[in-house]
Structures are given as structure tokens and as C-alpha cells.
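This structure is in C-alpha cells; I'll ask about it shortly.
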Amino acid sequence: MTTPNPLLHVQDLSVVYRAGEGAIHAVQDVTLSLEPGRSLGLVGESGSGKSTVAAAILRLLPENARITSGSIVFDGTDLAELSDRNLDRLWRWRQLAIVFQRSLSALSPVHRVGHQLDDVLKLREPGLTEAQRQERIVGILRAVRLPDRVLRAYPFELSGGMMQRTMIALALLCTPPFLILDEATTALDVITQAEILREMERLRAEFELTTLVISHDVGVINAIADSVAVMYAGQLMEVAPKERFFSAPAHPYSKALIASVPRLRGQSGRLTGIPGTLPELHNPPPGCRFAPRCPHAMPRCSAAPPPLYQIAPRHTVRCVLYDQHPEQRP
Amino acid sequence: MGRYLGRQLLTIIPTLFLSIVINFALLHLAPGDPARIYAGQDIATEAQIEATRRALGLDDPLPVQFLRYLKELAQGNLGISFAYRRPVLDLILDRMPATLLLTGTSAVIAFVGGALLGAAAGRRTMSRLDLSLSFLSYTFFAIPAFWLGLLLILIFASKLGWFPTSGMRDVRAGYTGWRAWLDVAHHMVLPTLTLVLVQMPIFYRITRASVVQQQREDYVTTFRATGMPHGRIFRRYAMRNALLPTVTVFGLSLGFVVTGAALVEIVFAWPGIGRLTLDAVFRRDYPLLLGIYLLLAVTVSLAILLTDIVYAALDPRIRLR
Amino acid sequence: MSGLPPTEPLLQVTDLRCLFPVRRGLLDVLARRRHAIHAVDAVTFDLQAGEVLALVGESGCGKSTTGRLLVRMLKPTSGEIRFRGRDIANLAGSELKAFRREAQIIFQNPFEVFDPRQTIGSSLRQALDIHAIGTPAQRDQRVHEALEGAGLSPPAAFLARYPHELSGGQLQRIATVRAMLLEPRLLVADEPVSMLDVSVRAEILNHLLDLRGRYGTAIVFITHDIAVARYVATRVAVMYLGAFMEIGTVEEVIDRPRHPYTRALLTNTLSIDEELPSGERIEISGDPPSPVNLGAGCRLAGRCPFTMDRCRTETPRLRSVGSGHRVACHLVEEANAQASPAIPAPPQSATPPRPSSRV
Amino acid sequence: MSSRSSGRTRLNAEEIALLERQLREVSWSRRRLLGRGVALGLAGLGAATGRWAMQRARAAGLQTPTAQKGGDGTLVVIVSSDPLSFNPDFQVDDGGFPIASNIYNTLLSLNGTYEVIPELATSWEVAEDGLSVTFTLAEGATWHDGQPVTSADVKYTFEQIVADPAAPAATLLSPIEGVETPDDRTAVCRLKQPSASILGFIAWYGTFILPAHIYQGTDWTQNPANQSPIGSGPFKLVSYEPGSSIELEANLDYFGEGPYVDRLIFNIIPDANTALQALLNGEADVLHSPSPPASQVPTLQETPGIKVALKQYPSVYYIGFNLEKEPFNKPEVRQAIAQAIDRDQIVEIALAGIGSAATTFYTSAISWAVNNDAQAPSFDPEAAAAALDAAGYPANGGSRFKAQLVYFTASPEYGDIATVLKQQLAAINIDVELVGLEIGAYGDRMQAGDFDIGLINGFQGPDPANLRIRVGTGGSVNHWRLSNPDIDRLLDEGDAGTDQESRAAKYMELQAILARDLPIVPLANVVVPYPYSDRVSGVFFDNDDPVASQVGLNRFTLTRIARE
């Protein structure tokens, strides 16, 4: 089985925030690979570090955050090594774009939508004439099924769904090969969310996009990802193809997470949650960060972070329960 | 937009009327009998006080006085000053140019300077620039204007001799033509500096806070992600958003420009309306005070209107909602 | 479900309406033009003691307003809210205070409802202080027990803490404890778990259900997530633009939805189930219209793929389609009249395949 | 109350003090102005003829008037406020007073030592029956528009003043029945009854002779000349910039001696510190008002190029007791308190040495009426303590009693004096609580009798008759509720007297009663500093300069500027 070269490969990424009470180890040794055309869902609850991973990939971390180790290789170049200026000129938006959750405030409230789209295009593709830019923008708007009047509108005049489509249009403006959807549909109503996700599926094919989908909602991941990566408290717990993840989750956290999700079908009795609370990230447990809440925890879990075990093709788990497959270590 | 303006204009009229009623009532109900004051408080006989009361038109019942005032007002007559026995409008107009020159100039400089410095500090919080500017802003905010004024006089007029001590022109020299303008400009420096220094911290702090807040807004992150340089995001987007609250405060402060800055006018012997107002208060010069208050109400209303227009131009959410 | 006999519901809501006037400007006032948002429109239902009714709908559908009306945080524009046989729509003063002891509400964001400068202990005691329940010592005791009962132990560890020292889940649990300290007969829970991570939701929901079991409290559970509603509710009401579209038992509404809007909600809800919710996905297009000055006709007319002429002119009433299952839809009504159970397929099937089916 | 305290506000005073200052200026200073004028005017009346004054002036060895007018350049005088108008007679206008004094003439005026001296009238004669005064007007006096000044102008002015009850001098000139004009240069004032004080009043406030040809038959409050005055004085108005300056130029046709300066500019500067800096920075030559803070005077006196004239006003700081309250109703207690006061310390500390201890019960500035035998008790704290012990107020290690000292916060001096008093009384174990109030509250509180001790000052001129408002039953500033039939009788008799000697006897007897009963205790005399450039000479406030006796108050007619 030949695996194509990944478009994005994140290796052992760690991010630390400086904060009042000391350093917060928000992301620890995260390794992710994303092949061209694929869609990876990065799922995790609050504090899991999933959005920090996205920010690190785009080098948009806040001032008090720092990548302490690891590489972010995109199409053969380590983004972590690039200067900001270089990143701005060649990579941001031309190669990597992002759609944020907070769509209603994601554009300047006092400038027209068209002006802001045009401004970005002008910046990224200075060679285009005004007419060419106009043509490109109108084309993209149509691609995301927005009426032309959006150009003349201000953000507050658009509904949540339209605004989110606008943000997708903005992301696609320079037809980047890679797109991050960071909780892109979280603020939307059920029906609109489904609509936008369907739209994204269509655009993924149309624009041949490779996407990293970040969400706390496994339903969203199920709707749009090919494979799933689960994060907990800054650590990557499990990576698996979507079907395998939902049918046979391996990590105790993954299992508990899926069990917590209320369903529309099947048993409706009591929901099961995960007792306990997130560990404090400025002083994380030395071993597996899930160990304090894990029903299967054993002494060695708290000793050192468990390694990743490969338990099936494309399926890795960071849990010592899978130590009986030593030959499958990656 | 037209509808919006029409609406705003319509609300000004009742506002003005209300302010006239309230001013009139407050003045006349406040303690202190102008007749007694104008007759000379201790030595005047009751007959003299009564005569003064009649002369000032204060012997009629209050409603009659109010209706008379309204009637005069309707004919564009602001009345005759108790103290100066001259039309209130003339007295105000006498002082208007000096007032507008000083307070207007300093308001504009304070606004522009405060906004620029606030923006510079807000862009890089905790930088050396930010820390020193913030320290200065707190310092000057805490200094009473008249004290600062005197300090500037002692340093720049008495010690260094760079600027004249006070007044608006060199009374001895009596310049004419362009020299006269230069002379006024020379006299303006210290009072303007005083007002700018005490007002700038307000604009500085509002702008700084607003810039800091705007830089945390999601759209800034969006544009950062597109690879737009900080400076461009700041100039094109954050600054305009950040200026909204500053503009509001500036607009309101413009409304008060006509009333001058009494304490600074006193320290620098600047012939502005602030001093006239203060004197009128002490003298219980009702017509003059009513005139000044009415002027204030009008200009504040207009300033609010203007601010609304500017705000609406800057912020479509106001304009279109 | 003890208490009152089923023939006398705890709560009987009849034709409840709440209009928020919109004053657009002086010219409107002068011209005596009136605008109003129909936040809640002709809502009618009843609730038995110990029952859990879920109010489900998208943002702005009026479900929160309804909740606030039920506990009289808001005063209805018209209509009747009979609580234990007594209309509470126009209560005031001490009567209102007495009623509020029996009807509590909890909100989405617990950080906003606790005074950040007060310890948890004093916030909790305050609830008892206001209604002067027991001696101070008894109040402390009761607070202690309640925390312990909610699994927040040792209680002393929580009593002395401030809201910001707790996680959202813990604080929401304490908010629930506070609401239940007075052993109310009615609890309105307004999106109590939507801010919380999915793994801690279960605790809150289970806690709520435990409390219901213990005190026989009836719960009106407001949520945008119909899947959550399925877990906590005995009955579900689906709201759209201030009006009930469908109401019935959980099984009826979720397994056998009749209203196109309910079906749209269900079929668009993202899930991780292999099996799809009933029927073909219903596509409701566009955004909801402005709730200002709604005219006659079905609120969904225009967005609904089954819109008929009648839908645009005549407001459908809630009509029974089975035991306790009521639907406000002309189509359902007509289908019933023709004794045909099925709803026709959507007029066009050019919709893309369901996302989850794509691999 | 003090005349000059208006100028004493220090810059570090709060805005409220400013407000009070201005209020006071309007309400109190008229009394002060009247006071200043007529006080020593009566000395002139004693001689009953203007020639006396002329002779006296000559005796002082003054040079005879020269024909020179102008040539000395520009004199810049700082004043604290704007004139209300340029008609100085129809209303109280303290800001306008120094300006009007140089544009208009009064018939008579008061010199630097408060003596009546001639101005527009070169001589005057009181009839034997005391029922008329005949004034002879100066030769060649003209209005600034060229018209001659005649007796008709005097007639118009005095009759108009008396006819308008709102005019500030109306009451003071009310003895005038009418004015006859036998010829252009002779004006005869007929009096209703003999008046001891009329010449002093004529010489002082609100009595500038106005041009009848401009004002006759018009509303004198609205006449356009109120803005562009036509006077007969040594200077003519050139321009007025409201809030800024008033520029006058020399009236080269002036009938009398002077003026010597070409231009007289009044520079309006309300703040005392700024005004002083403007003088020090050479932007002005004379600081007329606002007066510099007393604390700065010693430094100023050492400043090269600056002279400071210290001028005593007929005003005294004093305390009064609430005679209706225990224990202040007891003479022995008042006596003890008076003995506990060290006046020299008050002058030294509270007045920064500018002033002098006041020990008599009438101002020493009006010497003919002062009873120097009736002295306030001298400083003797031991005796005071013993007297209080004996009176039944033992200290017993604590305080004997509390006393609320209410004063008026118009200028810092009051608070400073009050503080010194508090300390001095603490030394004999009286616990003083200080209550400083702005004018409105002060007046209300004193009127209501809600105080133990009050601290004020006030003009005691122009004539001792004015003591009535301070110590007469029901007097407007008799806050002490003093009601002594003997005092009231002596006030009546003093008023009715015509010759100074007999009048003085009445007032001296009155002062003896005050010294015995001590309803009030004098503390210090008010002295006002006038700083000015040492290039300037011939100013009215400089009593060391012979000119001060020759020229009316506020007149810069004879002021000269030395060339550098």
C-alpha cells in the first residue's frame, strides 16, 4: 500500500502559553498527517488544544504562546521555520486558509463585505486588475451560493448562514489547496449547519480541497471528515478512519466521548458522561493526561505519556491498554 | 439617512424647550436674590432693593416672567444682561471668537494627538512607549488645569520668557495686520497647551482602550490569517472601529467648546465665555446665564447631531438599522 | 409522578402571547404606527406534575421567552397560565413572591447568574434567606445536604469557593442545586447544558432527572438540540417563530414526526448513528423571516417544500393526530381527513446526498 | 468685610473660593468703596471749605501744575475684572470704578489719605445754615466731545442720582433737595437738612459727573454712551476688548494737571498669581487688583525693579460673640477670651506680617473718631485662665468648653486667622471648632444665630455713623444680637451732630462701652499691598509720594513713567 506524500505533516508539535500562574502546556507532542484531498476531523472538548493546533499551523498563536518543539511541514516546507514576512507573502491564504467559528464578528463590522474581500484579494494577488478581481469574487460568491448583493452589504446585514458562506468564500478567494474549518458551523442553527456542511462537501470536491476540520461536535466530524483525530488536554489520543472510529473506538476517552453523545435512535435511557474534570494544564499529570478520569487507569499510566500504538492500518492509539500489540508500534 | 437626520432634528426641538424650562426654573428657584445683589447687599435700603427688582423685571410672578422670556426668545431676543445692561447676544458674541479659538483649537489638537498617541500605545501595550504615555496621561489627568496653567506660566513665561504670561494680545504693543495674528498665536500657546494636556488623556485613554479591544476582535484574526500585515489591518480596519468611541467623546466635547474653559481662561486671563459664565453665576445675571445655557443646549444638540452623523458615516450599523 | 391527579394538570397554559413592541423612532410614535415582535404566539399546552416537557427550536423561536413567561420573569401580553388551578399571569407582590418559590429557572451560563464576589455558600443560602425558610442554622444544614446530594462533596470544599474557581459543569450543577433548594413544583431549565462539553452534560441532565424523581418537580426543558430533548423529556414541543408546530410524547414526535418543520429538524440534526432518522431529509430553505408584524398564514409558508395556497392565508391550529400528539399543519390535517397517513415526498429530490453517507 | 480680599484668592484655592470671591465682589465691595471715601472726607468737612484743602496741598510743597500733557508713553495697569458699563453712576460696578475714575471726574475726590480734595470743583463753600453747598467748577473743563462742562451737568447728575432709587449713591445723596445753576461755573446744592457726610459722599462712589447733553432725557441705563463714554477726565476711551483690556488715551485738553502718560491701558487679569507674573514679566506697570497673596509680599519687596506700596484701609478683622448663648453671654468669659488673643501673632502668621494689630474699637485709619483710651484687653493668657477658673469654667485637665468659630471662606486670611485663634484659645483650654462657609451659607448661619464666635472684617467708614450696622440694634451685620440702649442712643446723637468734635465725643463714648462689654474684639487692621514698577511714580496708593495727597483715589492723572 503506497501512501501519497502528506500535504501537511505535523510532527511532535508542542505549544506552551505563558500565563499568570506559569506555563500552560496546551499542546504536547501532537503528530498529524493529512494527505491531499483528505479531510481530517480534529475533535476534542474545551481545553483539548485543538484550536491551538490550528493556530500553530497558521502561525497565528497569540503573543504569549510559543511553539516549543515540533515541525509543521506543509508541502515540503517547515512552516514553523519561516519568517512571518515569508509566511505572509507566500503561504497564508494562497496555500492555507481558515474559516473561524465566530462568523458574525469575523469581518470588520463597519466595512462592506465586498470591500473586505477585495482588499484581501488585492493583497494576495496584486497582479490582478480590478475587473479580474471583481470577476473572481463574484465567481466565488456564486460558488458558495451567495447572491451578488452580499458585496454591497455590511456583515450585520447578513444572517448567520450567509455570513458563514461569506467566510468560506473569503477562504476560497485564492483557491488554496488547504483549508482549516475551526468550529466553522458551531454557532449556526441545526438546519443552517447541515446546509453549510453539505456545501462544504460539495466545495471540497469542486476545489479539490484538503481540509482540517476542528470541532467539539462529533456529529460535525462525522458529517465532513474522512478520518478522526481525538485530542484531550493537549494530547492526541487516537487517530482513526471515521467509520472505524465510530464503530470501534479504541481509546477509553474516545469510547466515553462517543457514549456521551445523545442520539436520536436506539436506547434513550440515561446518558453516560465522564466523571471528573479536565486536569490543570499549567501542571499536567506527568503521564497520560486522561488517566485521572480513566476507568482503566493503572499505575504506569501516570508514569510517562504512553506512546502511540498502531492497532490497525491508519489507526493509532495513545494508550497502554494496547501494549499487547508491541509489534504494531509505528 | 435622511429619515434618520429628520428624526434627530425633530427631537432637538422638544429637548431645547425642555432645557429652557429647566434652566429658567432652576435659576429662579436657586437661592440668592439678584435684586439684593444688584442693589448692594448690606447697605441698600429696602426701597432701593425694590427699585432694583422693578428695574430688573423681577417683580412679576414667575410664570409671567417666563412667558415674557419665551415671547422675547421667539423674536430672537435673548434679553438684556442684568449686570451689563447690554443685549445678551452681544455679550456672548463679544467673547465667542476668543472662546472658539482657544477651546476649539485645543479640542482638535487634544483629539488628534490623543487619538494618535492612544493608537500608538494601544498597538503595543506594555511597550516602553505605552508605559510612559500611560503614566503621563494619568499624571496630566490628575493635575488641575489651573495649576498646570500656572506652572506653564512660571516655566515658559517667567523663567524662560518664551511666551507671554497671559491675555490674548500684547496690549502695550497694539499690533495690527499679520503681526496681530502672530501675536494672538503667540499668546495662545500656553493656554492651548494647558487645555490640550488636560484633555488629551481622555482621548488617549479611550482610543488606547478601544484599540486594544479592537485588536482582539475576530476580524483582526481573520485578516492576520490572510497574511495581511499588522500595520495594514490596523490602518484600514482596526483604527476606524477603534475611533468610534473617541469620536463620540470628541463630538460631545465640541458641544461644550462654546462655554469655554473657565479655569484656564481665568489663569491665562483669556477673554472667553467661561469667565463670562462664571461671573454671571456669581452675579446671578439670569438673562446672561439663560442665554449662555441656551447657546450650550443648542451647540450640544448640534454636536450630538453632528456626532451622530459622523458616527453613522463611520458605522453602518447605526446608519442602516 | 405523585401529587395531583392527572385530570388536574400542574400547569395549564392557554393561548399565551407575548409581544415585544418595537419603537423605531419618533416618527413612528407620531404616526401611531405600532410594530411588535411576536415572541410567543397562541401557545397552549399543559404539564403534569413530575413531567418533563422539552421546548425545542432554533434560536429566536421564542422558547426562552416562553420559559420566562412560565416563571413570570416576563408578564404575558395575553393568555392564561394556570398554576395549580390559579392564573398566575397577573400576579404581583407577595403572591408573585410565593409563586416564585414554587417555580424556579436555571440558565445557560451559570457564570452570569452567580455573583462573582459572593461565595457559593452565601449565594446558596441567599435563596433560602429570601423566602425566610427555617432558622439560619437549618439553612446552612440544608445547603450542605443539597450539595452532598448533588455529588458535590465534600460540600465545605465548595461553600467557601467563588464562582470563577469552579468549572462550568460544577457551577451549573450548583445552579441546579440552588434552584431545587426551595423544592419547587416547576423548574424551567433554559439550555442548561448547551455551553458545557458533551462529556459533562450527562451529569447535569442526570442530576436534573434525579431531582425530578425526588421532588416530583415538573420540568420545562428548553433546548435547541432535539437529541438532548429525547434523553430528558417525556414530551416534546417544537417551536418555530413563537408558535408550537408540534407537541407530543418523545416517541411520537421524534420517531413519528408529522410536521414538516419537525422532520426538517430531525433529518438535519447531525448524528453519529448508522441508522438515519425517519424518512427522507426535508430541506427548509433560507432564513426565518423577521418576527416583526407577522401576518396570517403558516409561519413556515415559503420555506416549507409543501407550501400550499392555504398555508399562506390561514394560520394552522394545533390539531390532535393521536393521543396527546398535536400538529399545526394544514397538510397533516388534510392527510388525516383523507385517512392517508403519509406525507408526500418532497417535490424535488435534487438535493445532494446526506453528508454522513459520503465517505 | 474686607475690601481687598477680592484680590487675595490664591491660585491654589478651589473653584468654590473663586465663586465666593466673585460673589463677594458684587455684594460687599460697594460698602467698602463707600467706606473708603467718606471716612476721611469728614476731615475736610470739618474745615467746611475747599480752600482748606488747597492750602494744605500747597503747604505740602507740591509743584504747581505744568502745562505738559502726555509724553511719558504707555502705562499698563492690571485690574481684576471688566467694567459692567462705562456709566459709573447708575449701578454698583466695582470693575468699572478704577476705569471710570480716569475717564470721568467727580466734583470732589478723596486723596490717598481719605481727605476731600477738589477735582471738577476747584472750591466749595458750605452755607452758614448748613442747608446748601456752593461749588465752583474748574475753568476750561470740557467733555471729550468738546462741549464745555457746566453746572447743568452737575444738576443733571445729582438730580438723576437722587431720582433713581436703584442708583448706588441715591441714598447717600438723598439729603440733596436740588441743584441750582446761577451760572455755568457755579452749582449750588440745596440740602434738606444739614448733612455731616455729604461732601465725603459726593467725593466718592457713583457720583461721577455725567454729560447732561448726552444723557438728559434718556434712560441712563441704556444710553449708547454707556458703551462709548464721553467724560471730562484725564483720559479718553480708545477701545474696549471685553475680558481683555480697556485702552485709554491722554486727554490733551484736560483742564487740570496731567495726564503725563500717552496711553493708559487696563489689562484685565482675574487671577492674582497670573497678575503678579504679568507685572514681574514686564507686561504691566502697576498691579491695582487682584492683590498678590500676602505671603509673597516680603519677596516682592526684595525684587529688583518692583516697589510695593502698603496701604491701610479703614477696615478691621474682628470677632464677635453670640450674646444669646452660654457662656459667651458672660462678660467675664468674653474678657478672658479677649485676653487670650495675641494680635501680633495673628498679624505675623495669618497675615504674613502685612497689616497691624488692631486694639481700638473703631478703625485707626479714621483717626478723629478713634477712642485710643478704649483699648482691647492686652494679651495675658494666665489672667484669662484664672478668670475662667473663677467664672466657673475650670479646665480640670480637659477643655473648659467648646466654641464654634464660624468664618467666611472668601479669602485664605480668614481661615488662617481662625486657625491661629483656635491655637491661642486652646492654650487656655477652650476647644474651638472651626466652621468655614461660603457667603450664602455664612450669612444664613449668622442670621440664624447658629454660632458661638463669628470672625469677619468690614469697612468702618465712611463715617463712624456706619457703626450702626455693626453694633446698633438690628444692624445688618450685627450678628451678635447686641442691643444696648446706650449704644443706640449714642449712634443717634452722633448722626445728628454737626461739628466733628461733638460727634467724636459720642462715638468715643460708644467705643468705651464696647471696650467694657466686649461684644466684639478687634484683631488686626487690613493693609493692602500694591506692587508696581519702580519706573512708575505719582501713583495714588503711594502715601510716601506727595502726589498721593493731591490726586483722587484710582486716578492715574499725575502718574509718570521714568525713561530707561
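So that you can tell them apart, the chains are marked A, B, C and D in the order they are listed, and the count of residues begins at 1 in each.
One rule holds in what follows: contacts are C-beta pairs under 8 Å (C-beta built on N, C-alpha and C of every residue); 3 or more make two chains touch, one makes a residue touch a chain.
Worth saying up front: this structure is predicted, and the values here are computed from it rather than measured.
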Problem - Chain occupying the middle, per Cα centroid - result: B
Handout entry: Which of A-C and B-D has more C-beta pairs touching across its chains
Key = B-D
Fill in the blank from the handout: dist(centroid_CA(chain C), centroid_CA(chain D)) in Å evaluates to 84
Fill in the blank from the handout: Cα centroid separation, chain A vs chain C, in Å, comes to 32
Handout entry: Centroid distance [mean C-alpha coordinates] between chain D and chain B, Å
Key = 38
Handout entry: Computed distance of Cα centres, chain C from chain B, in Å
Key = 53
Practice task
Note which residues of chain A are touching chain C in the complex, please.
Solution key: 45-46, 159, 161-162, 189-195, 197-198, 201-202, 216-220, 222-224, 226, 242-243, 246, 256-258, 260-266, 268, 270-275, 277-278
Exercise for the section: Quick one: which bits of chain B touch chain A in the complex? Just the residue numbers, please. Expected result: 217-219, 221-229, 232, 236-237, 240-241, 244, 314-317, 320-321
Handout entry: chain B-touching residues of chain D, taken from the complex the two chains share
Key = 11-12, 15, 18-19, 22-23, 25-28, 30-31, 34, 74, 76, 81-82, 84-85, 91-92, 164-166, 168, 170-171, 221-222, 226-227, 241-245, 247, 265, 267-271, 273-275, 277-278, 280-281, 283, 440, 469, 476-477
Handout entry: Complex interface listing, chain A residues touching chain B
Key = 58, 60, 87-89, 91-94, 97-98, 100, 102, 105-112, 116, 119-120, 123-124, 154, 156-157, 167, 170
Practice task
Name, in rising order, each residue of chain B that touches chain D in their complex.
Solution key: 31-32, 36-45, 47-48, 50-52, 55, 83-86, 91, 94-95, 98, 146-147, 150, 153-154, 157-158, 161, 164-172, 174, 263, 265-272, 275-276, 278-279, 281-283
